[in-house]
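Next, two complexes with chain A in common: one pairs it with chain B, the other with chain C.
Up next is the complex of A and B:
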């Protein structure tokens, strides 16, 4: 007797995450889905992410971007994400609007560097800061946005469930809060 | 007299005091007080605002908030002569930008700046309602100069440089004509003596309401609300005091019919207001006259004075015992949103022109919380006719749902711009035919808040059930780029947004930036389908998420032109990938300056590789 064929496990969604000019608060909020993480990793593989410590992004289904663009390296990383991720999501106020770091935008970044460091290092290892902190949608096309500072854990959960199921993510009104 | 900001000087304080006394130090008249004071002081230094606040018992924050709200109030120094070029699309089509550049070059100032000696400042303003005799400009928020051309601008520069006072400029420059091309009953007017008014008013208020109900009259200001229902609601609202307000803000670009009705048929307008007051039981009437029409004020005041002498206004008006009604004129100060009825009422109360939350509607709680009827100039004019000739007569004109006649302000690419009055239900094609526009590719009906109608739909009729109109009719021939028309209107809305709600304040600006990206994308084809997608998103947000009609209709030109003239957008968005609208390498300039780095890592390329 032939054994019944073992159904092939559905391909897992490959997800990369990064914090650009953010505080990692959005990532912490993602971790707040708590024990649902176990359910999540049944359906998701993490590519480049602070959770995996993989340093370069590979071909992915979804990229979650926390934080805005503060420096040249942020721009390059964001571009790599856009090039490798089918769906790119701006996560949190900083990614969507520049957020708190953008409060520096009315000051001259060169003057600030000089007044803080006196002699400003010219090491090519150090990424140069941009004149203005930019929201990520100014530089690449963004497919979805997850508002909040940070977005609540349930909003991450909902977003990932939608993407796993192949649905266009919609935020339940209760998950968007302005206070 | 140029005043400095440090302390209010004696003569300035005296000027303000005289104005304050004229308005009996009434805080409700703050907008009028600021306007009249500024007419003498050119601008409103903080010290003067402090002085006015103290005199009216208002906080300085309130007075500064009001002074900062209206475009025609200046809280920083301006020239002794202030010139504002009317910046409607029709002015531009007549060459206003080149004339502005010519004048600025002669005077040695840039638009928006004051001449070094403080003699003059030149800037732009929204449509001045002179589209059939433009390009036009506004002088000192008081007079208008029409029919500008190279020669007139040169002569104007001569006058300004020679310091010739405005009163000595040639009269011809200030000539404003009615420009009636086709008159029907409203523009033909009532018989010269309006003495039949007392007989009309002697009828019971209910009889007047019934007459208006029978006429089927709907408001001419844009929304088309049945006039009788509005009046009845006001009459039925509780409270001892009521108001009637004539909306003469006429801010919708391309609209200039109310100007002509006020200039040549003011008695009809006041008749209509008086009938409304009798019908709803109002004691107080206001005309809210847009600041751009300041030049009409003396003659309107004269008509009111004459009517008071004739006993048509005041105690026992028109000889009717117990019917006390008078009309005051308040001027606006360059804010389109003040045409919105609840913002208008705020402005009448001396506040910033911020639209109120509705309900309560003005008919329930309007001016000072009193039940208030707000109607358009043309609506009141129609009432003057209906009250005399009967509702049935009016209902016999036009279509079943759109009774009576409607005045169209025709401008743009046509041989005979001006006013055209037709029964409602007249087709766009007929109007185009009569104004001489065989090459028309589109008409903006009802102004930027209205609809952009392409040639394929010229057979449609102007009526509430087909294409409703607030009165503008701007014609664009085949040489015009409808994308640029939409971009111009987008700038108008961004400029006029009152800033109260985020979807409108931010959204209108985002629309402008996105359209600018399409207009002068760096190099060819740097905009993409993603930009078009964002425009659709913005349209959705503004349409559904704003507090008042301004934001809700701000994307109408965008939406209509994307639908009917999609090619104009497609040819501007050919990039395969999303491309930034920022020079990213330039964003590293400050850091490069202080690090003196020149290595590859100190640079960024802007384009997304395809």
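Up next is the complex of A and C:
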């Protein structure tokens, strides 16, 4: 008699995260789910992320984008995430609005570089700054957004629980905040 | 319903009427929430923000200026009105430069709380990032036009309460802006004083009394709740 096959565990969700023109505060808030991290890693694998130090993004279920678009490298990374992530989430005020880096938007980039560095830096390793800091929805399609500076840890938890369960994420009223 | 007890229906709830009531005033007295930005019981209504748009017997009207009529059926909460309010709020956010994380009005801001209540998680539209220089010329009041939503509350308060007419609305379309009555066009040269109602009535962070920004800390402000501030 053959033993009945043991059902496979559900496939883990593959999650990538990145901070573009951000301060990593949103990533810190994600870590603030504290001991729930142990429950989370039972259900998700992390792909490219500051948590894994993987440098390129692979095929993923979810991409969490912190920060707005300040330079050409930010745009390239964002497009790679969009191409590889089934669900892309704008995380935090900078990704959604451009945030505090966008305060430079009424200043001339050349003038700023001149006044900060005394000259306009010319090095092929430096990504070109954009004329205007952009929120990410102005460049790629975004599926969901978690507002806040940073979004509360519970907002990350709610979002990931919804996505793991296959539900459309809904933010509870108390979890929507902008500061 | 008797003749001496007139009322109308707001989203299925009975709202008692008093003579001269607008839909918004009657609902506010009954403790029912119709969202608004530009209304205040202290000054006349201007119907400029249109956030309070409701369907009165199926017709879209601004609740802040529309007389309440006995027996009327008023709809405030519906999927289409909620989306319309959300889009209005998103347009206000992208038309100015609204950076809640760096604003001292955060937690006291009517625009912020209405957007939170409307469930706004993104801006939907492209940001316009207008260029509007800050006017810090007044010794006691800061004018931050990047946050102005042209609600005209300061215009009406200065005119009707302070009897000064310091503010007016000028320009057209996307170039519409708040004007200040002074030879230089700057607040410091105007007749505004910090004791004026107009210096305090701003629902957003466009007109702020100086040196009291964080006297009430974040977390203990008008719209802070245990839900949002843990």
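Following the convention adopted for this analysis, the second predicted complex is superposed on the first by the 173 of 179 C-alpha atoms of A that agree within 3 Å, B and C clash if a C-alpha of one lies under 4 Å from a C-alpha of the other, contacts with A are read in each partner's own complex, and residues count from 1 in each chain.
Basically, a residue touches a chain if its C-beta (ideal position, glycine included) is under 8 Å from a C-beta of that chain, and two chains touch if they have at least 3 such contacts.
As the structure is a prediction and not an experimental result, all values here were calculated from the model.
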### Query
So, on chain A, is it clash or fit between chain B and chain C?
clash
### Query
Regarding the shared-chain residue A:99, is it in contact with chain B (first), chain C (second), both, or neither?
second
### Message
After the superposition on A, what does A:138 contact: first (chain B), second (chain C), both or neither?
### Response
both
### Message
So in the superposed three-chain picture, is A:90 touching just chain B, just chain C, both, or none of them (first/second/both/neither)?
### Response
second
### Task
Report for A:36: first if it touches chain B alone, second if chain C alone, otherwise both or neither.
neither
### Query
Given the touch rule stated above, what does A:147 touch, chain B (first), chain C (second), both, or neither?
second
### Query
Where does chain B run into chain C after the fit on chain A, at 60-68, 204-212 or 276-284?
60-68
### Common interface positions of chain A, toward chain B and toward chain C
132, 134, 138
### Task
Using the touch definition up top, name the residues of chain A that touch chain C in the complex.
90, 93, 96-100, 102-103, 105-106, 132, 134-135, 137-138, 142, 144-147, 149, 152, 171, 173-179
#### Entry: chain B-facing residues of chain A, complex
72, 75-76, 79, 82, 108-111, 113-114, 120-122, 124, 127-132, 134, 138-141
### Task
Enumerate the contact residues on chain C facing chain A in the complex.
93, 97-103, 106-107, 112, 115-117, 119-124, 126-127, 129, 131, 218, 225, 227-228, 230
### Query
In the complex formed with chain A, which residues of chain B make contact?
530, 577-578, 580-582, 584, 586-597, 599, 601-602, 604, 608
